[in-house]
Each structure stands twice: as structure tokens, then as C-alpha cells.
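Each in C-alpha cells, the structures are laid out below.
One chain, chain A, appears in both complexes that follow, with chain B as partner in the first and chain C in the second.
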Partner chain A sequence: MDSKPEPNVSRRQFLRDGARAAALTGLGGLLGVVAGRATAKGAVWQIDPQKCVRCGNCATNCVLEQSAVKCVHSFAICGYCQLCTGYFDPEPNDLNTGAENCLCPTSAIKRTFVEDPYYEYTIDEQLCIGCAKCVEGCNRFGNGSLFLQVRHDRCVNCNECAISKVCAGDAFRRVPADQPYLLKTTIHGT
Partner chain B sequence: MRPEVRSPKSEVQSATAGLWSGLVWMLGPLLFFAFLSSIAIAEQRFPPPEFESGHQLPVTTTPAARALFFQYLDVVVLAVCLGVSSWLVFKRRSRNGVMALSIFSLVYFGFWRKGCVCAIGSVQNVALAVFDREYAVPVGVVAFFVLPLVFALFAGRTFCAGVCPHGALQDLVLLKPLKVPLWLEQGLSVLPYIYLGAGVLFAATGSAFIICQYDPFVPIFRMSGRTLMVLSGVALLLLGVFVGRPYCRFLCPYGALLKLGATVAKWRVRVTPDYCTQCRLCEASCPFGAMREPATGGASPQALTGDRRRLALLLALLPVLIAGGGWLGWRFGPVASKLNPTVSLAEQFVRAQGTALKFGALSPDELALERARQTPQEILTEAGRIRERFVAAATIFGMWVGLVIGVKLISLSLRRKRTDYEPDRGDCFACARCFEYCPNELVRRGMMPAANLQPAKALNE
Partner chain C sequence: MRNQNRPITRRHFIQKSARSAGVLAAGSAAVVASTRRAGAGSAGKEANPFAYDVERLRQTDPKLIHYEQVGRFPTSQPEPHRIAIGPENQVYVAAGNYVSVLDRQGARVNEIALAGSARCVAVAGDGTIYAGLKDHLEVFDRKGQRTAVWESPGKRTWFTGLSVGENDVFAADAGNRVVLRYDKSGKLAGRIAEKNKDRNVPGLIVPSPYLDVELGRDGLVRVNNPGRHRVEGYTAGGDLEFFWGKPSGAIQGFCGCCNPVGLALLPDGRCVTCEKGLPRVKVYSGDGTFECVVAGPESFTENWHKCSPADCTMGGLDAAVDSQQRIYILDLVTGEVRVMAKKKETAATPATKPSA
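Moving on to the complex of A and B:
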């Protein structure tokens, strides 16, 4: 055995080279399969407002201290109601801005008088926690102009959105990063 | 009996039908267009006002997502870091350099990018993309999956050395390395492969990204997260003070892939820059248990028969292990499939069938059932289809677990021939710690006169 000259390539080396070539080929094949389904645009998470069941999971399940999900308002749909069911408690003592009359637990909705009998409602995103209480009220008895959206100035775009795992309505989905919102619009598209 | 699951929208439509019937004729084409677009809503109970004061409607703000440019910047930084890491390990042979790179990676990929996107999780995106035609995987994520693997096939685990923020974090807290007993080390080293299989199983069936969900360090990078994961991250870091890189060695599923790649790598990390003097100074230098002693490769004639018999037994055991694992996977697949959201929704629906109507506030899951836009039949059919696929995948996963354990047992009873002290190809993280233990390296760096060394020939004679 000892008298045998050392070959240029040992058996072990040959096997290793072969395995490496096979691994590279396999990786290339995998790339080929995946390439057809890849998107150059990137993807972000968003809530489909039509599927949202207003369960309140968004407020508590985001990995961020303050959820990246906020309530947004499509003003074109809003009826500017005086008795806004997204703003007032179902049985308010009085129709004023007193906290005991309001739905929002953080008083993130600002109510401003526009003209008789119309009031405008705007969301203060610093205060909104995405609990969907107002969304529920607005959808149940109003026009549904209030709805939840992932705000991309806050979202850290986790590979697996923690809220999407517990979303009761399965409303979370990945959308192209260049069109990151699923806003409700009127039939005129405004 | 619980009423059929139906959309609240249908109630709305019937209530407002009279109001709309006239308008429908006028707005017919527009309504049809709205029907095509799922986002637009047609019915408004209260018509928006026409302001006499000329009030302008505010515009709903839409803060943009992170610019696409940054996604590609991440890939470029990754590629550059991999190159720099390989250069530092193979050319410069500099531990300080690797450490500096680790700090950079920790800051960039860890604390600035908040641990997302990462190569460890990308395995799941790729697995989902292979099995789900509708899932569009971002190109950047694919690059994060492929680049470190390609580097591993040529230069070993230089990704682990100083590019991966998880590795960097653990490497930097390692203060007092203890030696893990060999039996424990070998036993735990199968876990990454099993975790990898489980991650692919749940991702490929569209159920969950468990590798991301149970990542211990991303909550630390983000400084927020689920309590359980924050605590386990802190616990792993505390353990990491004494046990070198516990996550990398005994859990990391991507590390398992890199390890496979590194075993067939073109270039390997060597302790000595030129030749080994067998001085044994590097013997205990590796805090990760990757250093291997010289071995003759042969057994004493007495032990040979026993060794051969054991190897033959293990080879015969391998198919049994695979079959047993497959059976277990098939047996427990239906239980595990409840992690899939659709399957769990269907389960709840079936459970709710028998119970009386409930009053009071509904739980989120009950809300989902009440307001689902699918009919129960659709959900049940879909859940059945997913469960079937899941059980098949779980069977394959079980076979994989059997294979991993079997191969590990076989590899333990093989003898390897080794002439020098060398780091194990697969286990070595290329952290460059052992280099400075080698007297030859000290000579190379000019920290020791060459005359102090015996030439290699003298050693062999």
C-alpha cells in the first residue's frame, strides 16, 4: 500500500468536488424554480378592509410596542354624521366630546364642526392603538369610512407578521411595496 | 343550531336594496366596475354631504413603505460583508478584523435592520415559494438565501463568522467558554436538521413561519416582542456567556444547511498558515468544540470485529428509523395541521355546530366564524385539502428526522484519518480564534523569531 504513488486527486477530494458541483447544480435548479415566482418589487403586509372582522387583535399582537396598525379615514365615504356611531358610545349620555360618551379608549378621534349638521372626524395616529372599536361602530351602523390599515412609516415588515397569524378574518396579505395600501374608495374611485 | 356563516354585507345590501334600486340603473356600469375592484364599496347608508361652506375634504395620508432601493442595498451589504469576511479569515487571518466585522453586522443587520430580512428565515420564504404558486417571494430574500450558501460551498461558514447578526451577538457575549461534554454536543447537533425540517414543513404547507415566530434574538434587536421570546433570547444570551454560540450550534436551521455546504467546501479553515508542528497549543482553543485531534484512522485488530458489527447494525437500522419516523409523522400530522389557520378555523366551526347560541362579547375566533366571507362548506373543503397535504408533508418530515438520527449514529461509528490538528469542516464557524494559538502563525505575524520553530522535516524524522 505504501509503495503506491500518491494520486493527484485523492478519492476524498474527488467526492468532495463532486458533492460541491451537485450542490451548486441543486441550488441553481432551486433558483430556477423560484425565479419564476419571484418579484423584484418587494412585498409588505396590508389589511384587506373588506375581510377585516374588527376583532381587536391588531392592537395587541404587533411586535411593536405601539401597533403599526392604525385606523384610517376615507373622508370621501364619510357621511359627516352628527351622531357618528364610530365616535359615540352606543348609548351616549350626551352628544359631546366627553370621554364617557366616546368609543375610542384613547380619544384618538377628533371631532370638529364643519357646518350644520356636519362634523368631521380625524384620527390622531399618535394616540390611535388600532383597536378597531370605532371601525366596528362605523361599519355596523355607518358608511364604513373608518377602517384599519398597516401604516408603513411604523411597520418593520416582519417576514411573518405576528398579527397575520392571529388575524381572525384572515385579512392580512402581502401586497406589492409600491402600492402598499388597500384603501376603501367610493364607487367614483375617490 | 348556529346560523350559517354569512357575510354582514349581504344584510346591508338587502336593507338598502330599495334605496338603491333606482340608482342601480343609472350607476349600473359603474357598479359593475366597483364589483370588479374588491376595494371599492358601493353602498353608503348616509350620502356624503355637499358642503355649502366650500369645505375641502382632507386627503387620507399614505406613508410610503421602505424604498425599494434599500432592499437592494441590504443585498449589496450582505455580499460585500461575505467577501470581506472570507478575505479576513483566509488572507488576513485576523480575529480582530472578524470581530470588527461582527460589530458592524450586529449594528447593520441586527439593530438597524431589526433582524429582518435575515438568511435564517429566508429558508421558509424559499420553501413557500417552491410549493405555493401564488406566493411571490421578493428577489432580495432569495439573494439572502443563496449568497451565504454559495460562499459556504467555497469558503466554509464565513457567513456565521461575522455577517450573521445572531452569530455576532452570541460571539460577542462569549466571555468564559466551557467545554460541552462530547455526548451532549453530538446529541444536540441533530437538532438544527430537525428544526430545519420542521421549518420547511410548516412553511411549505402555508401554515406558519415557525423559525421567525420562535426567533430568540430578533426581539432583542427590536427591543420589543412577545414576553416568552424576549425571555428566551435573554436566557440564550446568558447561556452564551459560558457556552459558545448555543443557538448557532444546537438550533440554527440555516446553520445546518451551511454546515452541509461547508463539509464539501473548496477551501477550508486551517489553524496553521503552513504546516502543523503538532505542538497541541491549539487543542483547547476552540470555544465551539470544532477542533479535531490527529487520528490514525485504524482500529486495533481486537476492536475491529465489534466495530464492523456495530456499523452493519446501524446501517440496517437506518431504514427502520426512517420508516418509524415516517409513521410517527403520519400519525401526528393531523394534530400538527391545526397550526394552519384554515384548518383551525374549520375545527372551530365543527366544534361550534353543536353548541347553543352564545350571548355577550364574541371572541376574535367567533367573530371570524360569524363574519367569514366564505361559506362553511368552502372552509371545510379547503381545510380537508390542506390537511391531506399536511399529513403527506409531515410523513416526509418524520422520515427526515429518522434519516438525520440514523446518519448521525453511523457517522459516530466511522473512523477518520487525520494527521494534523484541524477544525471540523462543518462545525467550524471560521471565527479565526484558533489562529493566534499556532506558533507558525506567530512567526508569520513577526511576533516570534522563526529560529524557535523546528522545521517540519525534522518532526517527521
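Moving on to the complex of A and C:
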């Protein structure tokens, strides 16, 4: 029985097949990109508090005149300390609200007496510039109840967040817009 | 010589163009890469204008350090909590599930096994050993034989400090924010430092389990009140006699959420204090005037990093004083004991006031 000889692939045939394959690959890639963008449509920027290294870049790199990053307070973690190391300078003259004793460069933290010897600390977001000085103080010597957050009442959700590009702790990430905040928890789950 | 006017072929032209394009592309890629690298590098290196700078607190002014290290040895069990000195200057360490008895050089003399984690220890003049577990006290003779197990005072009890006198045993219960006074038979004889408006006792603030107690030769009981950053003195009957201490990161004060975490007394009533967060050991006069530093944060690098928001129950130091007034510092992180003696040149100098 005669076997049919395999037809030789002509140059033209080869080029045509190659072009087809390239076109299909390109189309597949395009569809992938479109699908990816469709998924990311409902995503916003947020800071992972466990990764934040309090580098100060949030205050100076946001495209907004006053950064969209603010300090927030987890009251469940706070120790309500009399000597709050997020509120007071490391070497305060006295534990009172005098500016010379305070850490915050814009006086954005309010100190309110609760009962001896406990005080409550709240953040005035209009004044907070997201510098993380208080966050570092609280994390260094306290319970770490102060942390930074991208506030979505003012964040313009840039495609390429200017802070995320310089974030020293690689703490910026995209999160679903319907769950835009990452809350701080302790090892005990509080 | 090459003929410059020779007509160029199509193949030659395409070849040359491809080469030039390749070189240009490679050059551009290199420029872009180096620019990005430089940008990223400078972003990371820029000084933080809002830096929380406590580096200066990590270094102690050498003039303030009046002690020098004359010995150093490891404890024989992991997870040490408290140190005490007994008769013949033997060192007792509550660590792991044991009370370790060591000689002055750190050699193991005896080891007393407990049913649970040893939290604190005190030794009477006759050699009787009192060991605090989390919720109850146990008594051992000088050979390490258990002679008594005292009843737990309550569910929330968390013993973290012990001191023993001629007739009394004082146990610091961090869980209930009180110092319990027992007689030698284990009968509860009184409660000290508990919040009591009528007796003008403000109460103890204990954010983390570091409550300590020391009985002085004057009969007064010293208790650290870490949340208020001070040391308080009580009579055995529970009357508040004095308190001193200032909340501050500065060398004269006590910093962080809760300090001091450990106490020891020199024979003349001066007080040795131990801190965590900024791990340092200092000496104060009987009335609370800062005198000198025994060892500063630069001596306890690992301890400095251990106490963090992830777990503020970690880290810290404890101290005990032997009959020659040498201070034994127990590092709760490294498990080492450092023996500190007064420097000869400072032995006779009066108390030094640090610059403000």
C-alpha cells in the first residue's frame, strides 16, 4: 500500500499560520486585561496596618493638598494611658495638654479625662495630616491602638496611588470597594 | 581605502537599521531602569521629617552609670520571671517550671520542680523558699523539699512578686491588683495597696502582669504601681506612707504604659528599679531622688525589641541585691544574669543629679 507523502508546508502557509496564532494570542491577552480591569473596577486603596512602618511618606506624597491618609484609633486596643506615648513627647515637661509636651505636629489628638488615671484620645481628622508620628509612639511603647487608614470620604482613588509608589513598608494594597477599611487587630483577636 | 560613495543595498540598509534600533532600545531600557532604581532608592533614603526619635534615649550618659559588670551567666531554665538572693548569696531564679538555685558564678546547686510555671520566688533568712505559681504559693525547705501548698486566693490571681520578712510573706497579685500579706503558716493577714478611698489609697494600675513587692529593713513594703509610673510605700497594715516617680521617657522617669516592672532594695533603703520597653535599671534614694544608672538600654538590645504592641507581656528585667550590695539583673528575654558592682571611682561620690 502506498503511503501518502506528507505535504510540505510552504513559506506562505507557515506565515499565515504564524500570523493566526499571534492574533489569537494577542486576543487572549486583551481579553485577560479587560477581564482584570473589570474585576478591579470596584477596588480602592487601603493600608495594611500590620505592614505599615510609619515612614512619614503618607503625609508628603498624596496628590491631595492634605493627605487622604489619617490616623484612626482602635478604642478596643487602647489602654487609655495617662502617659500616652502617642500623645506625649518622649520627654514631656509635664503630663498636660501644653503644646510643648505634645507629639502631634498639628495638635490633631484630643485628650479627655475619663477617670483617674485614665484618659481617652480621639483624632480630629480635619487636622490630621497622616504623618504617623503618634502611630509610631503608640506602637513603640504602648498597645499600638493608633494606626493609619486611607479615608475614602476624601481619597480620589488614583489608578496609581502616589503614596503606594513610595510606601516603605509595601503596605498599600487594593481592597474591594464594598469593604474599604482594614481594621487593626491584636494577636488576641480584639 | 573604502569607497564612501558605494551604493548601499537593501539588505545592508535593513541590517544597519535593525542594529541601530537594537542599540537605541537597549540604551533606553538601561536609562529607564537606572532612573527608576535611583528614584526608588532616594524615596527610601529620604529622612522622615516626622520621625519619632527616641534614639537618644537608647544611649545612657556614661557619667550616670555608676555600676560595672563583674559577672554574667545564663539561667539554667528558659522563661525566667523573677530573681532573688538567699542566704550565702545563693541566686534563686523562678524560670520555666522550676526554681533554680545557683551559686554566685551561676553554677547549678539545686533545682526545684514545680507543678506549673514559676512566676516569682523569695527566700527567708532560714533558707525557706517561697515559690509563686500563677495562682498559688508553695513552700520548700532549704533542701528543696515541699513543705506546704497554700490555697489559691481567687480565680483571677496572677502572682508576679514575692517578698518575705521575719513573720510575714507578701505576695503581689497582679490579676487582682493587690499585695496579699500572709503569715508564715499561709494564713491571709491583710490586703495592701488595694483601692480604698477611706484610707486614701488610690489603687494599683497594672496593665501587664508585672507587679512586684519588696519589704524594706524599715518594715515598710515597697510596691511598684506601673500604670501610675511610681513606687509606693505601705506599712504592713496597709497605710500608704509615701510614693514617688514621674512618668517620662527621660532617665529620671518611668516610660511607656507601665513601669517600673521590678524592684529591689539596697540595705540603706535605696531602691533599684527595673523597666521594660526602654530596658534599664536605676537606683533611687529612699525619697525617690534619681541617683544613678546600673545598666542602660544599650546593655539590653534584645530586650528592647521584645516588648512590642504584639505582646506587651514580653520583655523586661528583674533585680536582686546580695549582701555585698552587688545588683543581680535578670534579663527576661535572654535568660542571662548580669552581676553589677559599684564602680570604684563612683563608690564614694554623692548622688548625681542628671542634667534636665
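Observations, loosely collected:
By definition in this document, the second predicted complex is superposed on the first by the 148 of 190 C-alpha atoms of A that agree within 3 Å, B and C clash if a C-alpha of one lies under 4 Å from a C-alpha of the other, contacts with A are read in each partner's own complex, and residues count from 1 in each chain.
We adopt the following convention: contacts are C-beta pairs under 8 Å (C-beta built on N, C-alpha and C of every residue); 3 or more make two chains touch, one makes a residue touch a chain.
Remember, predicted model here, so these are calculated numbers, not experimental data.
In the superposed pair of complexes, A:E115 makes contact with chain B only, with no contact to chain C. Within the superposed three-chain model, A:G137 lies in touch with chain C and out of touch with chain B [touch as defined at top].
Partner contacting the larger number of chain A residues, of chain B and chain C: B. When both complexes are overlaid on chain A, the residue A:E65 reaches chain B alone and has no touch with chain C. Once the two complexes are overlaid on the shared chain, A:V166 sits against chain B and chain C alike. Of the two partner chains placed by superposition, only chain B is touched by A:P180; chain C is not. In the superposed model, A:C81 lies in contact with both chain B and chain C.
Of the two partner chains, chain B is the only one that A:R20 touches; chain C does not reach it. Applying the stated contact rule after C-alpha superposition, one finds that A:L95 touches chain C and leaves chain B untouched.
By the touch criterion defined above, A:P49 lies against chain B but remains apart from chain C after alignment on the C-alpha atoms of chain A. In the superposition on chain A, the residues of chain A contacted by chain B and by chain C overlap at 54-57, 77, 79, 81, 139-144, 165-166, 168, 186-187. Contacts from chain A toward chain C in the complex involve residues 54-57, 59-60, 77, 79, 81-83, 85, 90-92, 95, 103, 105, 116-117, 131-133, 136-144, 165-166, 168, 186-187.
Taken in their complex, chain A has these residues touching chain B: 16-17, 19-20, 23-24, 27, 30-31, 33-35, 37-44, 48-51, 53-57, 63-65, 72-81, 114-115, 118, 120, 122, 139-144, 151-153, 155-160, 162, 165-166, 168-170, 174, 177-178, 180-189.
Every residue of chain B that touches chain A in the complex is listed here, in rising order: 8, 27, 30-31, 33-34, 38-42, 44-49, 51-53, 55, 57-66, 68, 71, 114, 116-118, 121-122, 124-126, 129-130, 133, 135-142, 146, 149-150, 153, 208-209, 212-213, 219, 222, 224-226, 260-261, 263-266, 341-342, 345, 364-365, 367-368, 370-373.
The touching residues of chain C, when paired with chain A in their complex, are 43-44, 48-54, 57, 202, 205, 207, 227-229, 247-250, 255-257, 277-278, 308-312.
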